[in-house]
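Pasting in a structure now, in C-alpha cells, and then I'll have a few things to ask.
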Amino acid sequence: MKSISKYGVFVLLILMSMMVFAASSKNYVIVGTTDKFTSLDPAKAYEYLSVNLIQNIMTGLVTYVPGTTQIIPGLADSWNISQDGLTYTFYLKKGLKFSNGDPINAQAFKYAFDRVTKLGQDPSFLLSDVVKETKVINDTTFEIDLKYSFAPFINILAFTVAYPVDPKIYPADQVYNGMPISSGPYIVKRWVRDVEMELAPNPNYYGDPAKTPTILIKLYQDANSLYLALLSGEIDLAYRTLLPQQFAQIQQNNKFTTYVGQSPFMRFIVFNVKQDPFGNAKIREALAYAVNRHEIESKIFAGQVKPLYTMIPVGIWGSMNVMPSQDIAKSVSILQSLGYSKDKPLNITLWYTPSHYGSTEADLVLTLKNQFESTGLIKCNVNYAEWATYIDYWNKGVMGMFMLGWYPDYFDPDDFVWPFLQSSASPLMGSNYSNPTMDQLLTDARLVSDEAGRTALYDAVQKLMAQDVPYIPLFQGEQQIAAKPEVAGVLLDPVQIFRYYLLYKK
Amino acid sequence: MISMEIRKGIKGLFKDSSGLMAFIGFMILIFYIIMAVFAPFISPYNPTQPSGPSLLPPTISHIMGTDNLGYDIFSRLVWGTRMAFAIALIATAIAAVVGIPVGLLVGYVGGKTDRVVTMIMDSVYAFPGLILAIAIAAMLGPGLLNIAFSIAVVYIPTYYRVIRSQVSTVKSELYVDGARAIGAKSSTIIGSYVFPNVLPSTIVIFSMNLADSIMTEAGLSFLGLGIAPPTPDWGYDLAKGQQFILNNDWWMVLFPGIAIITIVLGFSMFAEGLDEYFNPNIGEKR
Amino acid sequence: MKTYILTRVILSIPMIFILLTIVFVVLRILPGNPVTAMLGPKAPPEVVKSMEAQLGLDKPIIIQFGDYIANILRGNFGDSTVTTLPVIQELEERFPATLELTIFAMIIAVTIGIFFGSTAAYRYGRPVDAIARIYSIFVYSMPVFWLGIMLQLIFGVWLKALPVSGRASPFMTPDNMYTGLYTIDAILNGQWNVLYDSLLHLVLPSVTLGVVISSVFVRMVRSNVLLSLSSQYVISARSRGIKESKVLYAHALKNAMIPILTIMGLQFALLLGGAVLTETTFSWPGIGSYLVERIRYRDFPAIQGAVVFFALFVVVVSILIDIINAWMDPRVRY
Amino acid sequence: MSNILEAKDLNVEYLTRDGNIKAVDGVSFSLGFHETLGLVGESGCGKSTIGLSLLKILPINAKVSGNIFYKDKDMVKMPDNEIRSLRGKEISMIFQDPMTSLDPIMRIKNQFFETIRAHFPKMEESEMVKISSNVLKSIGIDPSRLENYPFEFSGGMRQRVMIALAIVLNPSLLVADEPTTSLDVVVQLQIMEVLKELKDQKDMSMVLITHDLGLVAEIVDKVGIMYAGNLVEFGDVDSIYDDPLHPYTQLLLVSIPNVKLEDMKLKYIKGNLPSLKSPPQGCKFHPRCPFAMDICLKADPPTFAVKGRKVKCWLYKGEKDGSRKTDTASIG
C-alpha cells in the first residue's frame, strides 16, 4: 500500500512537470473568451464570435487594412463600379484555392450569394435587401447588380455574409455544420463543440501566412472562469469579456498587458412610440433628462465605457453630441407641466434581457430605474425576458421602453441612423418612429456621395433625433484585451475584427 | 386543563433529540417569520434602492455590507424572507391542495383508478424535480405565481403517495369497516376516520416541502428563472454575488447563502423532529 | 437472470411512456406553447402559422403526440433552432460530460454515505452518530450552487489549488475519443497528463454534487443499516464470533444495500437536478448547462430533447439498479 | 473448576426513551460440565436476555451488572476481543427463528467458512469444506447443499443448518433459544431429537431456553423458572417436576397434560406478565398469585434454599429443609 502511494506521488510529479513543459512552448497562443458561437457558416453567422472566427478562416472580395476602415482588395484583384452605382464587377486573383484544394472562382461566389438569400438566415437581409442578381462572367469575373444605388455596399462585401463557400461541401438548401472549408489565413484543425477550437495555418491562403502555427480558442461559460484562467496562466490572452471590475484589476496587475480600443458597439433605450405614454415626445424628453451617463460609466462599468450623446458613436465620422446631460430639474418641470405629481406619478416599465448583454445588464437597468425615480415623479417597474422572447416582444410591440445594443454591420454613419430612424426600418427596431422630414434627410444622405455633404445631412439627422427622442443613447463600448506580456501582434481594430493570424509570442 | 395538555406535550418533546430538533427548527422558523412580518421595522434601508457606497464590506452602518450597486445586503436579506415564505407557501399549498384530495380519493376508491393514477404520480415523482420545474418555469416565464406553480407540480406526488398509502392502510382497518357497516357516507368516512389519521404525516410533508421549495426557488433564481429584480430574493442575490467572488467580495455570497441554509435547516429540522415524534423508528432496538 | 432483465425492461415501458407524456404536456399543453414562447404572445398570425407548421403544431393534438412519440422512438429530437444541428447529436456531444460528472459525484456520495452512514448506525447514539445526523441535515439544507461557489472561492481563489471551471486545460483533451469520458479516454490513449488534468478538473464539481447528494445517502444508509443490525442474522453472526467489522460490512451493510440501492435509484433524479446547477456553477459542458443555455434562446427542440433525455436517463438508471439488485440478491437471481 | 457456567446476581436493564426496562433482575444459577439447563418462562420474562448475555451479544442499550463465570472467567468484565474468540468456538447459540437467523444473501458454505475463519484464520479451504461437510452430515443434511442459499431450505432444514453452524467448532456450551418454537410439531420433535443426540454424543453443556417445559423435560438436567426477570425457582428437573415449590411453577406445570398435581385447584394463570417498565411493588408475581399475602405486596422476596433448590417466594420464609405450608396453599 505504501509503495503504491509513493509511486503515485512520483507519477504525479512527472505529470506536473510535463504540464509545465507543455505550457511553456512558443508555438501557440491560447485565446480565452466567454462568447459563444453557434455557426461557422457565413450564411448563418451573425453574432460576434461566429463572425470573428469566420473573419480569420475565410476572406471576401474585399477586406480592410488592419487597424483602419480602409477597404483594399481581398480575393478580388480589382473591381469596377458603374456610374449609376448599380453594377459591381469584380476581377478575382488567379489560382485561388480553398483549403481543401477546390478552386475559389466566380461560380463559388455566385453560389454563396444565392445560397445566403435562399437560406434566409439572420444576416441574409444584408445581401437580399440590396442585391438584385449576381452573374458569372467567367471563372474569374463576377458581377453584382443592385436594386438601388447604395454607397456603403462595398463595406457589406467585406462582411462575412458575402464570403465565398465551396459549392461541393456547403449544401445549397441548408446550413452547413461540419468542419469549415477555409479561404482565409487559418483552417479549423480540431473542434470540440462548446469547449475549444484549434486553428492551424491554411496552406492555400493567398496572403501573408499566419504568424503562429496554432491558435487555441478556449470557450468559458462566464467571466469568472475566464478571469481565473487568465490569472492562472491557462490562457495567453482574454478577449471578450471580463467583468468591468476584473478588467480594472488586471490593468493594475503588472503581470499582464492590457489593450483598450474604441468600439462602435453602443447601448441605448428604445421607446415604442406607438405605446402609451411613450407616444408623447415630451415624456421621452423628460426621461432623457433624467439619465446620468456618468453614474453608469463609473458605477457599473468602472470607467470602461464612454457616455454617448448621439446615435453615431465616436470614431465614426459625423458623430456629434446632441443629447442633454442629466438635468433633474428640467425633467421635473416637464413632468409637472404634463400634470404628473408625487401622488400621481408617471408609471413606466423598463424591459431588459438578462444574459444577452452580459451580467451587468440588470445592474444597468436598476441604476436607470433609480435615476428615473430620483425625479420623484416617476414610478419605474423593471421586467425581463430572455433574448429570443425579447426579440419577438419588441417586434410585436409588447414592450414600451426597453434596452437594446447595436453593433454595426458596416462602418458608415448610415448604419447607425437609417435602421433606427427611417420610418420603414424603425418598426424592426421596436420603435415605430416615423417623421417625414427625417426620412427625407436619411434618403438624401444615401444618395449624396461627397463626405462633406453627407456630414451636413447627418448633423441635421442627429439634431432632429435629439428633438424627437425616439431613443436615448447611453454609452459606447470599449474593446478590451488582457494578455501575457509575451503575446505580440494584438491589434484592436476600429471595425472590431480581431485578427488571430497576427498574434505571436515574443 | 388545556395548559396541562400542552405542558405534557412540551415535556414529551424534550425527552430526546427528536424533540429538541423540532424545537430548534421551530425557533429558527419563528425567527424568520418575525423577520418577514416586521421587515419594514427591522431593515435599516430600502432594499430596492442604493443606500451606500458599492461593495462595502460589513461595517456598523451596513452589517452585511453592500452589493455592487450599493444596496444594503442585510435589508435585502430581511425583505427576501418574505419572498422565500411567499413562494414556498404558495407552492406547497398548491401541491397540498391537489395532492391530498387526489390521494384521499384514489386511495379510498382503489382498483384500476388507483393503479393508473399511482403510476402517473410515481412517474412524476421519479422525474428529476428541478429539471421539471426548470422546464415549466421556462414555459411560463418569470413571475411569482408562475414560479410557485412550477415548484408545486414537482411536489404533488409526495402528498399523493403518502396520503394514498395511509388511506389504503386505514381503509382496511376494522373501524372503517364498522363505520361503513352502520351506513356512514364515504365523505364522512374520509373526513372523520381517514383524514385525522393521515394528518400527522401531512404536517411533516408540508414542512419538508417548504424546505425543498425554498431550495428549488433558489435554484431557479440562480439559473435566471426567478423573480425580476430589484425585488429582494435570496437566490438572485446569491447568483449575483457569484459574479463578484473573484474580487473577494465574500459577503455577497456568504449571507444570502446562510439565510437559505438556515431557513431550510429550520424547516427540515422541524419536519424531521416531528416525523420521529409521530413515527418513532427502530432506533433503540438493535 | 436474462428473463428478469427482459421483464424489468418491458415493465419500464409504461413508465417511459408516462414520462414522455409528462414532457409533452409540460411543453405543449401548458399555457405558453412553444411558438408563443419562441415568438412572443403578439406574433403576427402568419408567422405563428408557419412556425407551427415547421414544428408540426398545426395538427390535432393527438396526431402531434403520435408524431412526437414516433420521432423520439426513432431517435429524432428535431433540429436546434440556434445551431441548426440535430438535437440528438448535440446531446450525444454533451452527454459524456454529464455522465462523467454524475459518475464521480455518485462515487463520492456513495462512499461518504456508506462509510458515514454505516458507522453512524453501528455507533448508534454515540457522537459519530450525532455528527452524521447533523452532517446530513446540514448538507441537505445547503444549495448545491452555494457549496460550489464556496469551494470555488476557497480552492480556486484563495488557495489557487484547483481549477474551477471546464473539463480540461488547453490542449488537455484526449487525442482520440472513444467514450467521450476524458478520464477513460485518457487511460485508453495512455495520456497520463491528460488523465491527471481531467481528474483535477473533476474534483470540485464532483465533490460539490457528491457531498450534497451524500446527505440523503448517509441518512438512508444509517436507517437501513440500523434495521439490518437489529435483525436476527446479525445477532446470529455475532454469536458465532464473527468480527464486528465483518458483521457490519459483510452482513448488515450487504443486506441493507438492497433497499439502499433501490432508494439510491430514486435519488438519482435528485442527483440530475443537482447536476444542472453544478454544471452551471462550474461551466461544465454537459446536458444540464446545455438545457439552461438553450432556455435562454428558447430553443424549443433542444429544451424538449434535453428534458426527454433526462427522463430516459432516470429510467435507464433505475433499470440498471434493479438489475444490480437482482444480481446481489440471490432470492431474485434464481 | 466444578461448573462450566455460573451466574451471580445478574442484572440486565434496557435503556429506552420511555424509561428503563429491567429484563433480568438479580438472577443466579450454575451449570456443571456436560449438564443441560432448561430456562423456562413466558415470553418477555427475560430468559432470552439471559441467553444473549451468556454470549454478551445484547443490544447496545442494554446495561449488564453482576457476574457470569464461564470456566471461572468473568465474562461481564472480559474485554470484547477475548469474548469474541469464545463465541462460536467455546459458546455457541441457536435461535428461535431459523428463517431469519441465517444471512439470506450468503451461501451456506460461506457462512460456515466465515465462522471457521473467525477462529482459525489460516485454515485451508479444503479443510473447512471437510469440517463443514462432516458436521452437516452428522446432522442429517447432504453436504452438497453447502452451495445453497438459506431460502432454498425448509424451516426445519434451516434450523438443522443453524445447529450445524453452531457446533461446527465443537463448543463446550450451546445456548439454544427456543429452537423449535417457530416450527411445526413434527419438525419440533425431530429437532429435539437432534439436540438430544448432540447431548449424548458430544462433550457439551447446553442451555435450553423455552416456554414449553414439557418439550424439554426429557433432555434437561436442571430447570430454572423465570418470571418477569426473576429466577423464581431453580433445581433438578426431576424434583421440580415432582414437587414444584413456587406457585408460578405449579401453575406452569398444570398446562402439561402428563403431570398430575392433586392439590392444584387452578387450571390457568390469570392475568398477564407485569410491565417491566413499572413492575408492581413487592413480589412481581403477587397480582397473579393465588397465594398472595400481605408481605408479598410490600417486599420482593429473597431467594430461599429449599430441598436443594432455590425458590424466590415468601411462602418459604424461614424454611430450612422445606415442608410446605399447605394451609396457605389451599386459600383461593
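Labels for the chains are A, B, C and D, by order of writing; each one numbers its residues from 1.
Everything below uses one rule, namely that a residue touches a chain if its C-beta (ideal position, glycine included) is under 8 Å from a C-beta of that chain, and two chains touch if they have at least 3 such contacts.
None of these values were measured; they are calculated from a predicted model.
*Asks:* What is the graph distance from subunit A to subunit D, where chains are linked when they touch?
*Replies:* When the steps are counted carefully, the minimum from subunit A to subunit D is 2.
*Asks:* Measuring from CA centroids, which chain ends up nearest the centre of the complete protein set?
*Replies:* C
*Asks:* Going by the touch criterion at the top, tell me which pair is linked by more C-beta contacts: A-C or C-D.
*Replies:* Result of the comparison of A-C and C-D: A-C.
*Asks:* Taking CA centroids for every chain, report which one is farthest away from subunit B.
*Replies:* Looking at centroid distances, D is the chain farthest away.
*Asks:* Between subunit A and subunit C, what is the gap in Å from one C-alpha centre to the other?
*Replies:* Going by mean C-alpha positions, subunit A sits 38 Å from subunit C.
*Asks:* Where the CA atoms of subunit C average out and where those of subunit D average out, how many Å apart are those spots?
*Replies:* About 52 Å, centre to centre.
*Asks:* Take the average of all CA coordinates in subunit B, do the same for subunit C, and state the distance between these two points in whole angstrom.
*Replies:* 23
*Asks:* Counting in whole Å, what is the centre-to-centre distance of subunit A and subunit B, each centre being its mean C-alpha position?
*Replies:* The computed centroid separation for subunit A versus subunit B comes out at 45 Å.
*Asks:* Touching at least two other chains at once: which residues of subunit A meet that condition?
*Replies:* Subunit A, residues with two or more chain partners: 222, 224, 228, 355, 386, 389.
*Asks:* At least two partner chains per residue is the criterion; list those residues in subunit C.
*Replies:* Correct list: 37, 124-125, 152, 157, 230, 280, 295-296, 298.
*Asks:* Among all residues of subunit D, which ones touch two or more of the remaining chains?
*Replies:* 59-61
*Asks:* Name, in rising order, each residue of subunit A that touches subunit C in their complex.
*Replies:* 11-12, 15-16, 18-19, 22, 28, 30, 36, 38-39, 44, 174-175, 177, 192-196, 216, 218, 220-222, 224-225, 228-229, 232, 234-235, 355-356, 386-389, 391-393, 395-398
*Asks:* Over in the complex, which subunit B residues touch subunit C? Could you list them?
*Replies:* Residue positions touching the partner: 17, 119-120, 122-132, 134-136, 138-141, 211, 215, 218-219, 222-225, 235, 238-239, 241-242, 245-246, 248, 250, 253, 257, 260-262, 264-265, 268-269, 272, 281-283, 285-286.
*Asks:* Enumerate the contact residues on subunit C facing subunit A in the complex.
*Replies:* 37-44, 82-85, 90, 93-94, 152, 156-157, 160, 163-171, 173, 192-193, 196-197, 280, 283, 285, 289-290, 293, 295-299
*Asks:* Report the residues of subunit C in contact with subunit B in the complex, numbered from low to high.
*Replies:* Of all residues in subunit C, those touching subunit B are 14-15, 18-19, 22-23, 26-27, 30-32, 34, 37, 124-125, 130, 137-138, 140-146, 149-150, 152-153, 157, 223, 226-227, 229-230, 266, 269-270, 272-274, 276-277, 280-281, 291-292, 295-296, 298, 303, 307, 310-311, 314-315, 318.
*Asks:* If we count contacts the way the header does, which residues on subunit B are in touch with subunit A in the complex?
*Replies:* Counting only subunit B, the residues touching subunit A are 49-50, 54, 68-70, 141-142, 224, 228-230, 240, 242-247.
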